[in-house]
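In what follows, chain A forms one complex with chain B and a second complex with chain C.
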Partner chain A sequence: MKWLQRHIRPEQVRELSLLLLIVAAVLIFGSMIDGYYTSRTFNRITSSVAIITVVAVGQTLVVLTRNIDLAVGSIVGCTAYFTGAQLAAHHGMPPVVAVLIAMALGCVMGAINGALVAYGRVPSIIVTLGSLAIFRGILIDYSGARTVTTDSLPKWLLELPRLNFVTIGDLDIRAMFALAVGIVLLFQIGTSFLNVARQFYAMGSNPDAAELIGMPARRIVFSAFVLSGTLSGLAGFMFLARFGSITVEAARGMELQVVAAVVVGGVNIFGGSGTVFGAMLGAIMIGTLEQSLFRLQISEFWRDAILGLLILLAVASDAVILNRLRAIWARTDLKLVARDSASPAEAKR
Partner chain B sequence: MKKLLLATAAAAMLALIVPHGAKAQSAVTGGKAVDMVLLPKFLGILPFDQAHQGAEEAAKELANSKKLQYLGPTPENSVAGQIEIVTNAATQGVGAIMISNNSGDQIVPSAKAAKAKGIKVVTWDSPIPSAEGEDVFVAQVDFSETGKIMADMALSILGKDGGKFAILSASPDAANQNAWIDAMKNALKDPKYSKLELQGIVYGNDQSETSYNQALAMVDKFPGMKLIMAPTSVGIVSAAKAMQDEKLCDKIKISGLGVPSEMLAYTKNGCAPQFALWSFVDLGYLSYYTAYALATGAIKAEAGASFKAGRMGNYAITKDPTRKAGLRILMGPFSLYDINNVEAAAK
Partner chain C sequence: MSWTAAQQRPGGAATAPPILEMRGIAKRFGATQALDDVSLTLRAGEIHALLGENGAGKSTLIKIMTGVYQPDRGEILLSGQPIAIGSAAEAQRHGIAAIYQEPLLFPDLNVAENIFVSHQNRGVVTNWRKMFREAEAILATLGVTLDVRSPARGLTLAAQQSVEIAKAISLNVRVLIMDEPTASLSAHEVGQLFRLVRDLRDQGVAILFVSHRMEEVFQIADSVTVFRDGRLISTRPAAEVSPQSAIADMVGREMGLFQRRAPAPKGEKLLSVQGLGRTGVFSDVSFDLHRGEVLGFAGLIGAGRTDIGLALFGIEPATAGQIVLNGKTETIRSPRQAMSLGVAYVSEDRRQLGLSLPMSISANISLPVLSRYLTRLGLIRTSQERDTAEGFRKRLSIRTPNVELPVAKLSGGNQQKVMLSKWLNTHPALLILDEPTRGIDVGAKAEVHAMIGELAAEGIGIILISSDLPEVLAMSDRVLVMREGRQMAILDGGAATSQTVMTAAMGQEFAA
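And now, the complex of A and B:
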C-alpha cells in the first residue's frame, strides 16, 4: 500500500478506475448487443473518438489554466466548412496546405478568444459563449446557407477515413485515430516534462502564486487558447474528411462532448490537475457510450441526457472521492516525511 | 434516354393542364408590389437553395418590386423556428407566406392567425397535414406515387427475389416524409412487392453526422438488411458515404430521394444504383407564381381555379386526394436517376 502510494498519484488511481469503467461498459454493451465484438464496432468507436480526442487535448490545456473553451464546436464547424469550400474550389491543393489552412484558421479563432480572456480580462466562459455564437453566425453568413458536398471534394480527402495506419489481426487502426493518439502522446510528454508546459499546471493550481514568482500569466493563458483553437482546426479538417458533406450545422454541440470527455477524464474543472492521457480515456468512454447507444437506437435526447449525467458524476466524484484520496495520500506523505527525517537510513533503503 | 418520365405521373399532370369546365384561365399580371416570404424547413441544404433560386426567377419575371424574403430556421430549431417566423411575418403583415412545413400540425395556430390577417398561406414541398390555416399546397409529386416509386426502386435494385430493407427518414415531424413512408407501406401491400420486407424506420434529423451514424447503426440493428431507403437528400448522401467508408456497398445498397450532383459519385461506384427526385427549382418557381396569383387576387383558393405559371404552363387547383381536407396544385413529374443519366443531370 505504501509502495503504491509512493509510486501512484491519486489522479492516476482515477485514470485507472476510468480504464476499468471502460472495460466494464464494453462488457455490458457486449452482453446487450448481438455481434458487438467485431472489428466494425472497433472502427466505429475509434473513428468517432479520433475527432473528439484531438479537440479534447486542446480543451485540457485550457481547463488546466482554470479556464474553459466553449467555442470549440463552432471552430471545428467553421474550419471544416471553410477548408471544404477551399478544396472544392481548388482541387489541386496539396493535402498539407489544406491541413495548414484548417489549423491556421483555428489558430486565429483561438487567438481571438485567448486575447480577450488573457489581455481583456473577461471570464473565459463569457468570451467563448459569445464567440461560440459569433463564429457560427459568421459561418452561416459566409456559407450563404449552402452545403459543402462530397462530390465537390477531391478524392484523396474522401478516402482518408478509410486509410489504415496499421492492421492488427482483424482490427484496423485507421490513420485518423493514429494521428489522434500521436497528438495525445506528444502533448502528454510535453506537459509532463517541458518546463514551458508545466506552467499550465502552475497557472491553474494557483494563478496568484504563479504570477508572483514571475510566470508570464497572460501569455500562458493566451497560448492555451491558441493551442485549443489550432487543434480544433485540425479536428475540423478530420471532420471534413469523415463526413464529407458539411452544412452550417457541422459539429454543433460538440463542446458538450469535449467538455464531458475532459471532465470525465479526470481533468479538474478548477484547473491545475489532470492529464491529456486522462482526457483521451474520457473521450474513449464517451465515444463507446455514444456509439453503443446508437446501436441500441436510443433517442438523441437520452444520449445527451446521459452525457450530462456523466459530467455531473465526474465532477461530483472529483469533489468527494478524489479529495478524500488526496487527503489519505497527504497524511501518508506526512508520516513518511516524519519517519524519513527521524531515521534517514531507513528511508534510503 | 435522358430522363425516364413516369407514365402515370405524366398522365396525371396532363389531366390537370386541361382547363377545367367553363372556368377561364386567370391571367397573372406582373408589376404589383407584394411582400412575400419563402420559408424552407431549415437553411443550409441544397434542395431549398434551388427552390429559392426558382422563386427568385419567378419574382424577376413578375417584376415584383418588393424583395423576396428567404427566411428559415436552423435544423435543430426547425419546428419552433418555423412557428416564430410565421408569427413574425403575420405581425409584419406581409402579402403571402410560402412554407415547407416541418412542424406537423403544430404550425396551425400561427398559420391560422396569418390567414385571419388576410395573408395568403401557400405550402410547398411539405403541407400542413390537417390543411387548417393553409390556402393551397403546391405538391411536387403525387404523394401516393412517391410510395410506389420507392417500392419500385427497391424491387429493381434488389431484384425479383427482393429482400430486407429499412428506411432512413429525416425528422419524425416532417409531414411529407411521413406521408411518403405511409404511401410506401401501402404500396408494399401489393403482391408485386411481397418479397420486400420493411425492417424498420430510423430518423437522422436531416443532419449529416446523425444520419451517417444512424446509417451505420442500422447495419447492425437490422441483420440481413440489403437496402437503405432514404427519402431525404441529406440522409441518402450520408448513408451512401457511410456504406462506402465501411466498404459495405457490395452488401447494402442505398436508394431514395437525392440530388444528382450530390449522388453522382455513389451512383458511379454502385453504392446508390438508382434514386429519384423532382426539380426543386421548378417547385420554388411554381410556388412563387401560386402565392403571387393568390395575393394579387388573380385567382381564389378554390377547386377549379387555374392560371398560367410563366414558363411552366397552366396549372389548376384541385381537391387534395392524399389528405382529408385541403387543396393542392400538382407539379410533377418524378425523374429517376441511374448510371445512364446521372452525369448529365449533375451538371
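And now, the complex of A and C:
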C-alpha cells in the first residue's frame, strides 16, 4: 500500500479504476449478450470510440483551461458534410488534401469560438451554445437540406473504415482507431512535457495567479479552442469515412458524448487537472456502453439518459472520492516525512 | 535583539547601498489620495517594516512596486537606474517579488512546477528530472522538506509560503515584499519563516515586511516606516522606535474630525452576548447592548468584526456561546429568523449583498418586507411601496429625481442611504451597520452619522462596525476592540481614544 501510494497519485487511481470498470462492463455485457466476444463487437466499439476520442482530446484541452466547447458536434457535422461535398464534386482530390480541408475548416470554426471567449470575454458556455446552433444553421443553409450519399464518394474513402493498421490474433486494429490512439499519445506526451502545454494546466488551476505572473492567458484559451476545432475537423473527416452518407443531422448531440467522455475520464470540469489519456478511457467506457446497450436493444433515448447519469456520477465522485483519496495520501505523506526525518536519530542509537 | 544583530552584520543596514528607491510617488483613486508624495528607500540586506492603519496606503505602494498599479507621479530607481514597472512580469524581471498573506500557487501543478512556473526561458520541453532536482536543491537550502512531485493542493499554509519563497529565490530576487505573511501562521511556523527571511537578508536581499503584529515587527525589522492617510510619517531604525511611538505615528493626533455624538439616554438591556464564537473565525466574544446605545466594533481588517455581525444576523451562525435578545435566549440560524427577531444587518458590501442594482429604489426598500405590500391576491401595491420610499427619501434626504430610478444610477452615498432605508423599513430593534460610510463622500458621511444619532435616540440598539477609527470614536457610547478573532477590550466612551483602541487592536499591553 505504501509503495503504491508513493508511485501512484490519487488522480491516477481514478484512471486505473476506470480501466477496471471498463473490464467489468465488458465481462457483464459478455454474460448478457450472445456472441459478444467477437472481432465484430470489437470493431464496432473501436470505430465509434475512435471519432469520440479525437474530439475528446480537443475538449480536454479546453476543459483544462476552465472552459467548455459545446460546438464540437456541429463542427464535426459541418466539416463532414463540407468535405464530403467537395469529394463528391472532385473525385480526383488526393486524400491528404481532403483531410487538410476538414481540419482547416474546423480550425476556423474553433478560432471563432476562441476569439469570442478569449478576447471578447464572453463565457465559453454561452459562445459555444450559440455557435452550436449557428454552425448547424449554416450547414442546413449550405446543404439546402440535401444529403451526401455513399455512392457519390470516391472508393478509397469508403474502404478507409475497414483498412487495418495491424491484426493481433482475431482482432483487427483499424487504421482510424490507430490514428486516434496516435493522437492521444501525441497530446499526452505534449501536455506532460511541453512547457507551453503545461500553461493550460496553470491557467485552469489558478487563472488569477497565471495572469499575475504574466502568462499569456488569452492566447492560451484561444489556442485551446483552435486545437479543439481542428481536432473536431479531423473527426469530421473520420465521421464522413465511417458513415458515408451525411445528412444535416450528422453528429448532432455528439457534444454530450464528448463531454461525458472527458468528465468520466477524470478531467476536472473546473479546469486544471486531468489527462488526455483519461479522456480516451472515458471515450472507451462510453463507446462500450453505447454499443452494448444497442445490442441489448435498449432505445436510443435511454442510452442518452444513461450518458447523462454517467456525467453526474463522474462529477459527483470527483468531488467526494477524489478529496477522500487526497486526504489519505496527504496523511501518509506526512507519516513518510516524519519517519524520514526520525530515522537519523534511530541510526545513532 | 534585532538592533544588535543589525549592527554586528558587516556593512550594517544603514550604510548598505540602496537597491530600490521610490521618489515622490503619488496615486489617486477617484476622490481618495491613496499615496501622496511618498519616498521610500530599500537597502540591500535590510528588513524594512511598513506600518499603518487600514487604508494608509501600504497595499497601494506594494501594488505599484509589483507593477499592478502605475503611479500618477514620482519615479522608481533600481540600483540607481530609473525604471518603469509596467506589469507583474516586468517586476519579476527586475527581481522584485511579492509574497501575500494567501499564497498564489497553482493547486494542480506540483511543487517543483510551482517554483519554476514564472521562468520565462525554460525551453520548449520540460526536463522533469532536472526540475525536480533543482527544486529539491532550492528547498534544501531553505531547510524545508517537501515532496516536490506532489501537487501544491493540500500543502499547509506554511509550506505554501516556503514554496513562494523558493520561487522568489529561483528568480534571483533582489527585492522581496512580504504582505502580512504571518497572518495565518502558527507561532512555530512564524519562527521558521523568520529564519528564512533573515537568511535572505544576510544574502543581500532587500525585504519590505508589512505586518499588523507589532511584536513580530520589532522582532525582525531593521528599520520601520509608518504610513498614515497615504503619507509617509516617519522612517527610523527599529532601535529608535517603540511600539508606543509607532502607534502614535500611525493614528496621528488629529482628532475631532467628526463631532462626538451626544449620548442618548440608555434604555433597557436589548442584547446580551456570552462567549460567542464560530470555529476558526472568532471566539469568546461577550458584550451587552442597551436600547439607544451605539456599540462600536473597532479592529483591523480581518479581526473578526464582520463575522460577529454575520453570526448575529444568522448568515454564518455562531457555533458557540449564547445570544439573549429581549430577555430570551435565541439560536439564530438564518437571516429570516434574525429579521423576525428584529435584527437588521446593513452589509459592508453594497453591491453584492446589499442592493439589487437594476431594481428601483422603492422596490429595493420594500424587498425584505414585501408581504406588507401585497394585496389579497398576492399582487404588489406599488403605490404603497412608493409612499414608503418617498418617506425615506425625505427623511434621509436621498438625492434622486424620483424613487422609480434604478439604484445603479445613484451615487455611492445615496445607495448607502437606500440600503439603510431598506433595513430601517423592517423596523429593527437591533441594527448592525457594517462600514456604513465606506467609499462615500464627506457630506453623505455626516448625514449618515446624524441618522445614526437619530436612530439611537429613537431607542434602537446599534452595533457600528467601522475601520474608520475617528468615526467609531465619535459615534460610539462604548467601543469593543477585536484582534485576530479575539475580543481585546470594551472601552467606555471616555476611555476610548485612538491611542487606546489602536493599542488594543495591535495586541499591545495598555500599561506599557
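What we mean here is this: the second predicted complex is superposed on the first by the 332 of 349 C-alpha atoms of A that agree within 3 Å, B and C clash if a C-alpha of one lies under 4 Å from a C-alpha of the other, contacts with A are read in each partner's own complex, and residues count from 1 in each chain.
What we mean here is this: a contact is a pair of C-beta atoms (placed from the backbone, for glycine too) under 8 Å apart; a residue touches a chain by one contact, two chains touch by 3 or more.
Bear in mind the structure is a predicted one, so any value in this text is a computation, not a measurement.
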Assess the superposed three-chain arrangement around chain A: do chain B and chain C clash, or do they fit? fit
May I ask you to decide whether A:S317 touches chain B, chain C, both, or neither, giving the answer as first, second, both or neither? neither
Just chain B (first), just chain C (second), both, or neither: which does A:Q12 touch? neither
Of the partners chain B and chain C, which touch A:I213 in the superposed model: first, second, both, neither? second
Which superposed partner A:I246 touches (first chain B, second chain C, both, neither): first
Give me the angle at the C-alpha centre of chain A between the C-alpha centres of chain B and chain C, rounded to the nearest 10 degrees. 130
Could you look at A:Q86 and tell me whether it touches chain B, chain C, both or neither (first, second, both, neither)? neither
Smallest separation in angstrom, by C-alpha atoms, between chain B and chain C in the superposition: 34
Would you tell me which residues of chain A are touching chain C in their complex? 9, 192-196, 198, 201-202, 204-206, 208-214, 268, 272-273, 326, 329-330, 333, 337, 340-341
Once bound in the complex, which stretches of chain B touch chain A? 43-46, 48-49, 72, 74-76, 202, 205, 207-210, 212-214, 216-217, 219-221, 223, 234, 237-238, 241, 245-247, 261-265, 346
Okay, in this complex, where on chain C does chain A touch? 68, 87-90, 92, 104-109, 113, 117-118, 120, 122-126, 128, 145, 147, 150-151, 153-154
List the residues on chain A that touch chain B in their complex, please. 33-35, 40-41, 43-44, 48, 140, 143, 145-147, 149-151, 158, 161-162, 242-252, 291, 294-295, 297, 300
